[in-house]
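The block underneath contains the structure these notes are about, expressed in structure tokens.
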């Protein structure tokens, strides 16, 4: 089985290296095909591993030593267990699809080969992240996906906004990574190892305070990667990257790494329920917060990005409340339909020549039937309509909240579910229904390549049926995660809740349709709604990016400038120079002591003698006084 | 009435006079040769002088052996005192002179070397210095000092430039004043102790428990002034830069080495018994003197625009540095003094020879002095070897290891550290850093600037084979000093220790 | 009033100070040499007197040597002075400052 | 020959440099490459012959120099110095091989070979004075390189560099003499042998003073805040080769000296000054990173980033445990490789455009893609991405110091944030965006000569990031014995606690065995 492990892990790396060989050459179709093929290999291996793991085994292997000094021993160790295999499946499925899809999507891009190098490298990093058997290895993957995310967001590096967003994402993530790093340090100095098995078996022996700190710092790391408030702003800006990137990295995989971390570290978080509640509360807040911003946004990809953010909030609610398996389940389901949604959006973008404003589209269902169907179904899944995947995973989280008696969280999540349905279908309605507003801009949309649609179809299937794996999945992961079942035991309550939620969601969908499916004009900011305070607040993302700009970015730049121009040059360096110049000036000013005049010279000698004599006398007087 | 004096010839131990007499005889023979047949080439006189100096050196080495066997040798009414430091300093004096005298063999003709008297005076001067160090009699010191000084004034003036006359007059006048100080200081010592021999004075004062401390200190004030002049300690230093600038580079280099070691020896003899008997005043004064001399001259050296003048200030600074040894007054520090001076003489020999080699007859328009920094500009491009050599000497003077002076500096600072003069050690170290600047300045000019039109023709104008040889010797001595330090240390320590210092 | 050693020494000191003042004040090179002679002769008086009063010959020896050296000094000094005068036509100290700094 | 390999390593380049005066101008480069290549192979041989399991000094050589004053020619390497020596020879080779300088190349190569001698000498010396000799002498070739081949302010920069470091090291010299004097008092013999000094247990107040004296010399060399201002000038004016050697090797002398002298000689003082020094290190990390962010000249960005990284090294050194010190030693190597490569990279663009201002560039990624790629890799290494060489060092240094102080490490950890900020923004300014400057449109991508230097560095930067073991293991062994020595020598209760006791651990040599 180790062979399959290594194949699953390294096939993407091989693909990446192979593609990078051609990074500077003109576009070559085979690069995309080979990279996709290698990813498919990885997927197949993962599947084999899945069946193996389902048989009740796990694979744990140590490739080689990485860092060993003092008491610290970090190997390149990999583990395929019930949790990581789920993640591997998600990653390999989505990334295979995205790879194939990208062959078509990046068809006309100069950086075609480079794109595959980055994309495969990302998959490799992600695999390292999920398969590592220790925190340091996790951190490798953690940073690796950050790097690839940077490279892919800034893929179109000539675009100022893209490179800016790439740097923002990287730096924001770094802030969180520091927390993660500190968490790792804490683990090491208190446990003496970074191996999961050692850490999790000994974590209980530590003082609660330390466990709490470990939990907090690790979660800070997770917050960055999963773009939780207040480190969320990068995710929306990350939409500058090519759309397949958004689908793979910023919807399905990388952003869920934070959730994965919390799930993986469940033995730690189990011991600190208070932190768990904080995580859950934050998750609920982010769910609502992000959904509210999605309500008014006019950028197709950003809307989906906010929706991702919102769903990540859901996952954290589940994880925070101890329902790790539920979080992981929603992670998986969400990966499928969200990736699908993004890829569909990619098709739309292609058709619309990279136009992102849904108000400038409309009526696209006529020319893009396949995409229309897929996106609608994905949105349905996202909204959580029975029997789509979202229903099983998302409603389960609502139930968790309810069962655990966190009614506030429950209410928030319920509300968010409604909002989710609303903005999803606002988007669908604006893009695919109503008048063909794009004609005003002289665009001639066309459907994407067939094979792209075909490539997307597995996701579509999974988005529809993923819910039915629930029990199989539960059987699988309960070996590793707390196997709590979350059922509302009172049947009446259960049915009221389920049906109520469904009705609420459907109502939201209908409302969205009613409001937007016949939209005819492009808003120009003159309507009353657009002038209202709340609209502006949401439109400006609660002014948070602006605030960051004003509070952090600008002062930092200004401080840096001061540090250089005022402190470094004018104080530190000037002091050094002043000492040197002072010495030199002293020389200049006193050199006239030697004025070349013999009389002066003689006088100096006499003065010297007189001074010495006076000192001699003074000393003698003093000596005699003291002596007497 | 005074008793008639009976003297047994054997007890005179005339042999103690031999080294000085060799020099005197050498001088006289040069004069006689000139009388017999005039117009001989200078190289003859150089060689004669060298021969006699070699004999002199041989005699000294012989005394060295004797000293190690039998201890201090007294002679000539106990006026002559051949102890370890006397022998050592004489060896440095004679050896240093031997290194400098061939500098007369330049390729250009220089007025002074056409006079055989120049070489005679040179030998007389050496004899004077030898007398000065080989006695503890104040009269003898005075005679030696003045013999040497008067000869030196003349030698400077023989350079026959208007500046050299000015220099000679300045030096002479101030020297006369210093002689007055010395005489008056000796008089006070004589008045309170009734003796003119230092060891007796020391004994008498100690027996007396320094009851006349005021007069002792007063006399010391005069003595410090007198020797401060010779050692060019601030504020008695003012002659130094002018005299260095005025005299030929060869002689300036010589003055930076030989007269000073003689003065150091006397200062050691004169001041150390007081330092050791715990006269705090002297310690304080010397401390201040050392620090001020080192620092002030360093600071003035920074602002010089003429290399020779810079070297003049730098040698003041080096003298101040070494004067610390007298202040510290331990065997280690005195050993350090001689070690330092031996190494210093090699490096300074090289540096001044390089300056000498650069001598030009007439100043260029706009040139204010003989050796402005600009003259060395871009030397590495036109005269790479010369520039490397000069750079080497500058680095050594700055105390960059592994070159010669570093070891001296290290040992001196080490002796300060060992004796608890920590602050002094730090000041010495920091002064070396300041000094680094002006030595570096020359290196900067030589290695980092473009050659200046007009100056570059002078680089090796004055060079002859013998001068190049001397530069080579100086360079070898500077580079491989590290291997010489251990034997030097051993010998010097032996001599110094056995002399009771 | 008997003349004691102290009188001689005071005389010597006064002469010395006169010499010093002369050295400091005189601008004429020749006068400067005179001043230095006064300095040395002041010392001579003291040496001779001390030697007499404590009955030791070395003081007188010192004095003799000082006289001899003073004479040589004058010889050299005058020689330099003459050359200098020949070159510049002046013996004023203030003219003598081609080197400075 | 293997018995005298260190002597050979030190003096072979110097001898070759002397002979180099005879070689003609057009073949001097080949000569230089050959000499540096042989030297590099010799150093590899040293590595090959080195026994990684022995933690003490190996290939020791001894010869009397000034025995009367306790100065002897003592050489030896342990895991701490071995790799810095190899790094020195490696960089000299790379530097000469990828030299693009045209002016007076003969002088330059001869100077470089002399510089190589001093670098190897510093790291191989086991006698304080011999160490000092090489330490000081290394200033001279560097002075010449900056001063003769540098930019418009080269003289100011070189003199500043020289005098500043010279001043610091003179104070250090006083400290060394003191140390020898204490040894003399304790044993009646003069000695400057470092290993002999190790045996000395000094009273705490003496330790403090001596620590300060040594610190000044080292801190200026490193350079630590606030003694760092010579570095930007030196880097700003130095030619590429000068910056490369300066950043890669010369700065390491300071941090190496901390490990070699300050820690084992003054364990109590090290503990006493640990927090203040950590604060300085943190100032270095954050403050210089901010200054780097404000720079307009890309070379200055790299220069200030060096200071910032040196802060992490210092922090690791004063973690006073095996993890931290090993990490800092490793980071010395890592930073050498990465900053050396970055300076080489800056040199590439400077050669083409004769400017280093970022505003002059922009969009280079499309004109010079290969260049942008290598730069990107090195930048990411500099930022400390895992699986690059820097990460291992930075991780271990911070990890080590975390044991000593949580809050300070948390603050210092911002290194990974601020480092990313200035590096990424610099990269963005120079490489991303559209090509706006007409002159940049015709730029040629990186050529073979330049690749000769950069490819090996890139390989090393990744290889050692993925598999640091061959280097980390010997370092670890030697560091363990240093730490154990410190623990054994420590007197104050705090120091005993702060410095871990490894004697219980298997395979750790005790002080006597190691030295």
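Residue numbering begins at 1 within each chain, and the chains themselves are lettered A, B, C and D in the order written.
We take it that a residue touches a chain if its C-beta (ideal position, glycine included) is under 8 Å from a C-beta of that chain, and two chains touch if they have at least 3 such contacts.
These numbers come from a predicted model, not from an experiment.
S.K.: Measuring from the mean of all protein Cα atoms shown, which chain centre lies nearest?
M.R.: Central chain: D.
S.K.: Looking at B-C and A-C, which one has the bigger number of contacting C-beta pairs?
M.R.: Of B-C and A-C, more C-beta pairs in contact link B-C.
S.K.: Indicate the whole-number Å distance between the mean C-alpha point of chain B and the mean C-alpha point of chain C.
M.R.: Computed from C-alpha means, the inter-chain centre distance equals 26 Å.
S.K.: Roughly how many whole angstrom separate the Cα centroids of chain C and chain D?
M.R.: Those two chain centres are 65 Å apart.
S.K.: So how far apart, in whole Å, are chain A and chain C when each is placed at the average of its C-alpha atoms?
M.R.: A distance of 95 Å separates the two centres.
S.K.: Centroid of chain B to centroid of chain D, CA atoms only: how many Å?
M.R.: Measuring from centre to centre gives 43 Å for this pair.
S.K.: What are the residue numbers in chain C that touch two or more other chains?
M.R.: 23, 32, 96, 98-101
S.K.: Counting only residues that touch at least two other chains, what does the list for chain D look like?
M.R.: 163
S.K.: Where in chain A do residues touch two or more other chains at once?
M.R.: Chain A, residues with two or more chain partners: 580, 591, 594, 596, 598, 602, 606, 609.
S.K.: Please give all chain pairs that are in touch with each other.
M.R.: Between chains, contact exists in these pairs: A-B, A-C, A-D, B-C, B-D.
S.K.: In the complex, go through chain B and note every residue touching chain A.
M.R.: 169-170, 173-174, 177-178, 181, 213-214, 217-218, 220-222, 224-225, 228-229, 235-236, 238-239, 241-242, 280-281, 285, 296, 299-303, 434, 437
S.K.: Under the touch definition given earlier, write down the residues of chain B that touch chain D in their complex.
M.R.: Against chain D, the touching part of chain B is residues 380, 395, 398-402, 406-407, 410-411, 413-414, 417-418, 422, 425-426, 429-430, 432-433, 436-437, 440-441, 443-444, 447-449, 482-483, 485-486, 489-490, 493.
S.K.: Would you pull the chain A residues touching chain B in the complex into a rising list?
M.R.: Against chain B, the touching part of chain A is residues 580, 583-584, 586-588, 590-591, 593-594, 596, 598, 600-602, 604-609, 612-613, 615-617, 619-620, 623-624.
S.K.: Give every residue of chain A touching chain D within the complex, in rising order.
M.R.: Going through chain A, the ones touching chain D are 23-24, 64-72, 136, 139-140, 143-144, 147, 150, 154, 157-158, 160, 163-164, 166-167, 170-171, 174-175, 177-178, 181-182, 184-186, 188-189, 556-557, 559-561, 563-565, 567-568, 572-573, 575-576, 580.
S.K.: Flag every residue of chain D that touches chain B in the complex, lowest number first.
M.R.: That would be residues 64-69, 107, 129, 132-133, 136-137, 139-140, 143-144, 147-148, 154-155, 158-159, 162-163, 166-167, 170-171, 173-174, 177-178, 180-181, 184 of chain D.
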